[in-house]
Amino acid sequence: MLTKEQIAQRIAKEVKTGQYINLGIGIPTLVANYIPKDLDVVLQSENGLLGIGPFPTEDKVDPDLINAGKQTISMVPGSALFNSAESFAMIRGGHVHLTILGAMEVSENGDIANWKIPGKMVKGMGGAMDLVASAENIIVAMQHCSKDGQSKLLTECSLPITGIKCVKKIVSDLAVVEISPEGGFILKERAPGVSVEEIKSKTEGKLIIEGEIPEMTFE
Amino acid sequence: MINKTVKNAQEAVADIPSNSMLMMGGFGLCGIPENCIKALLEKEISGLTIVSNNAGVDDFGIGLLLQKRMVKKMISSYVGENAEFERQLLSGELEVDLIPQGTLAERVRAGGAGIPAFFTPAGVGTEVAEGKEVREFEGKLYLMEQWLRADFSIVKAWKGDTAGNLIFRGTARNFNPIMATAGKICIAEVEELVQEGELDPNQVHTPGIFVQRIFQGDNYEKRIEHRTVTK
Amino acid sequence: MLTKEQIAQRIAKEVKTGQYINLGIGIPTLVANYIPKDLDVVLQSENGLLGIGPFPTEDKVDPDLINAGKQTISMVPGSALFNSAESFAMIRGGHVHLTILGAMEVSENGDIANWKIPGKMVKGMGGAMDLVASAENIIVAMQHCSKDGQSKLLTECSLPITGIKCVKKIVSDLAVVEISPEGGFILKERAPGVSVEEIKSKTEGKLIIEGEIPEMTFE
Amino acid sequence: MINKTVKNAQEAVADIPSNSMLMMGGFGLCGIPENCIKALLEKEISGLTIVSNNAGVDDFGIGLLLQKRMVKKMISSYVGENAEFERQLLSGELEVDLIPQGTLAERVRAGGAGIPAFFTPAGVGTEVAEGKEVREFEGKLYLMEQWLRADFSIVKAWKGDTAGNLIFRGTARNFNPIMATAGKICIAEVEELVQEGELDPNQVHTPGIFVQRIFQGDNYEKRIEHRTVTK
């Protein structure tokens, strides 16, 4: 099983040079740490920045400079600032190439649920609904199962959904799967030491297994 | 030029009545109109509807207005980090209308720009779409969303001039410029107020036409929600 | 009969302090010369400027600074620059209080025609349709009759219209009239030396005459 | 950051084919991409559809492309000042689609912002409304207008950096920033190209995400249509 850091590390391998990327809160934020330095990518923060840099050193902390998770950040050279309408114009207009975000459930047709648990306090969807409805490529970082062992890769989402038919790929603690355009989770890679049988038993939705499934590799 | 200066926050918010609809700039606690929030707290008003991306924290920002039970309804995209908010919501004292962040931003922009409705893909197939018109354009489904406008919009900028022109700094810009356009009366508080002619017209983010009142605020706390640093 | 300059001068009396104003090409542009200096008003140019100043002196001519008529201009202190979408957001959003523009015809219900003559080369409507559909107050500067003596204040416009029920007031070379919300041109003032009868004979649409009609005064 | 620089105008426009749809910034002759227009003139292409507020004058700007019969259709708000344009239009060689200026601006902005349609009051009751949906909001009538997008958008800025960030000057801004957002490929020519990090992120008008190619132009003529001066 992958740690959160390993999930982030594996997702970082999906990043291509020249991409503008929006990273959600949680594991997706960690992805930034594993993107190879020789790739030219730009991280977008939907509160109004292109060019997120590392957390600032103590003397450079600036309350006027935060990311969408409300953490203090820095800017890389060549950054640009803009307002919230312009930010979502970028997202909705398809200018952000890749969105990486967390999920509570994903269905085999690519629906995602990550904003609301009925009966619990609802905090709101933030920018997630805009992001999943807009990005051309959406990769989800998630746990394969809940703490009590229930699969989160489902035939249909049980929770209120955030967007329909939008997820392209999932990196979970057990596997890398792609969503088939015809429906179904196509198993692409196994976490080190995890068997195809285990993944199968922990995937409630349709799992498509074609040929040998390699183990993930980490440099 | 038309001089928009008022003396201070008290004067700026003096005529905001109970039950009015306010827009407030800011994302989290970043770029919020601290002085106007304090001045509102001194007023005996209630029943406010507030359009703001977030609802502050328990003891800062809009959270202070919630504590004093001045707010009837929040229109926001994300309202976590606030226990008093949660208590009032669960007890039915407070209403909340949750809107996808990009839709919220675009509805406010539309309100300022005289666009009564537009189509967006955000929320298609979700409960956000309930009761809304869905239409297909070029093979993709979109929801029709309507403009948002307010009686007053209250924004915070870095610099401003007496003509009402505003310049923002960093990500404290966020919702401020669009909300400035969508209030019948826009109140702007700035860290530094200069005379007309002292700002470069090329660098103005919010032209003065949108701002009816401006003043220089003081004692900005600029509280940080998550102080994250590289050692 | 008023000269073009006098029409502009009379319209300038309609301007109130605190207004943001868009002036069309032709006579409306001349209005700027007659706005009293003690009024605080701001002139908007729909190509992206709030704060039009006088034409520049020869040494200050800047090709990057023109008005909507493509004339070189200057900026007053406190100006702001913006793009075309923002400019029409201001106009459409009702932030510009007063629009002054020319017309070929106006009907008694406030329709205006000023962009197209069928059979002639069509140059386009520019920003006129947005302006007349949006401003809360629209004042028209025009000649009362065509060169061959035909009235331009009509029951219905004969030319393709630019906007419906939008004109509030007309200052022509003969008269000042207001458009009645119920329809009809309410005669408010006569040009010096012009009789009510002459105005009546030269107004094809319904002319409403109530009480004594004063002559215009010019300071 | 992603480096967007190309060598010159020739390289920037090299892959623009016949029959493509282009957007071009500028208002009159102010802020037009002079270098790219010259480079297009050297290419053997035709059948272009050009979205531009105006069509240049006979011997400058888009007028030069018209002279060479490279244009099939203009989508504009105002196309006076051009005798060759008039000749081609009346002879049926050229099509023109006239759109209210604010609607043109908003359709382009919508194209870049992923808004397939919106409602505007401009043109209600006129021939512009023919065939379009009319709907009432709060007692006023509005037309539904759809987004505009292009294969290439070609814009001209004052300063730019290698990451594609742009800053405009004066009223040469006009349609340039919105067109930059609505082309699949946006080509930006600038008077001064600097390294990433040399522009203040607060002052960027067009973030580099919208720009795919950038180069420093030369020999800007900046022709003036109406030179008006105070003696």
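Each chain carries a letter (A, B, C and D) given by its place in the written order, and its residues are counted from 1.
Basically, a residue touches a chain if its C-beta (ideal position, glycine included) is under 8 Å from a C-beta of that chain, and two chains touch if they have at least 3 such contacts.
Just so it is clear, the model here is predicted, and its values are computed rather than measured.
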| item | value |
| --- | --- |
| Mutual neighbours - chains that touch chain A and chain D alike | B |
| Which of B-C and A-B has more C-beta pairs touching across its chains | A-B |
| Chain whose average C-alpha position is farthest from chain B's own | C |
| Centre-of-Cα separation between chain D and chain B, whole angstrom | 33 |
| Chain B-chain C separation of Cα centroids, rounded to whole Å | 36 |
| Distance between the centres, which are taken as Cα means, of chain D and chain C, whole angstrom | 29 |
| Overlap residues in chain B, where contacts from two or more other chains coincide | 106, 109, 113-115, 120-121, 168-170, 202 |
| Multi-partner residues of chain A (at least 2 other chains) | 49, 81-82, 88, 91-92, 134 |
| Full enumeration of touching chain pairs | A-B, A-D, B-C, B-D, C-D |
| Sites on chain A touched by chain B in the complex | 45-49, 54-58, 61-73, 81-85, 87-88, 91-92, 111, 121-130, 133-134, 160-164 |
| Residue ranges of chain A in contact with chain D within the complex | 17-18, 20, 40-42, 44, 49-51, 75-82, 86, 88-96, 134 |
| Sites on chain B touched by chain C in the complex | 1-3, 109, 111-115, 161-163, 165, 181, 195-197, 199, 201-202, 204, 207-210 |
| Partner chain B, residues of chain D touching it in the complex | 106, 110, 113-121, 135, 137-138, 140, 142, 146, 167-170, 202-203 |
| Partner chain A, residues of chain B touching it in the complex | 27-31, 53, 76-80, 86, 89-90, 98, 100-106, 108-109, 120-128, 158, 168-178, 205, 222-231 |
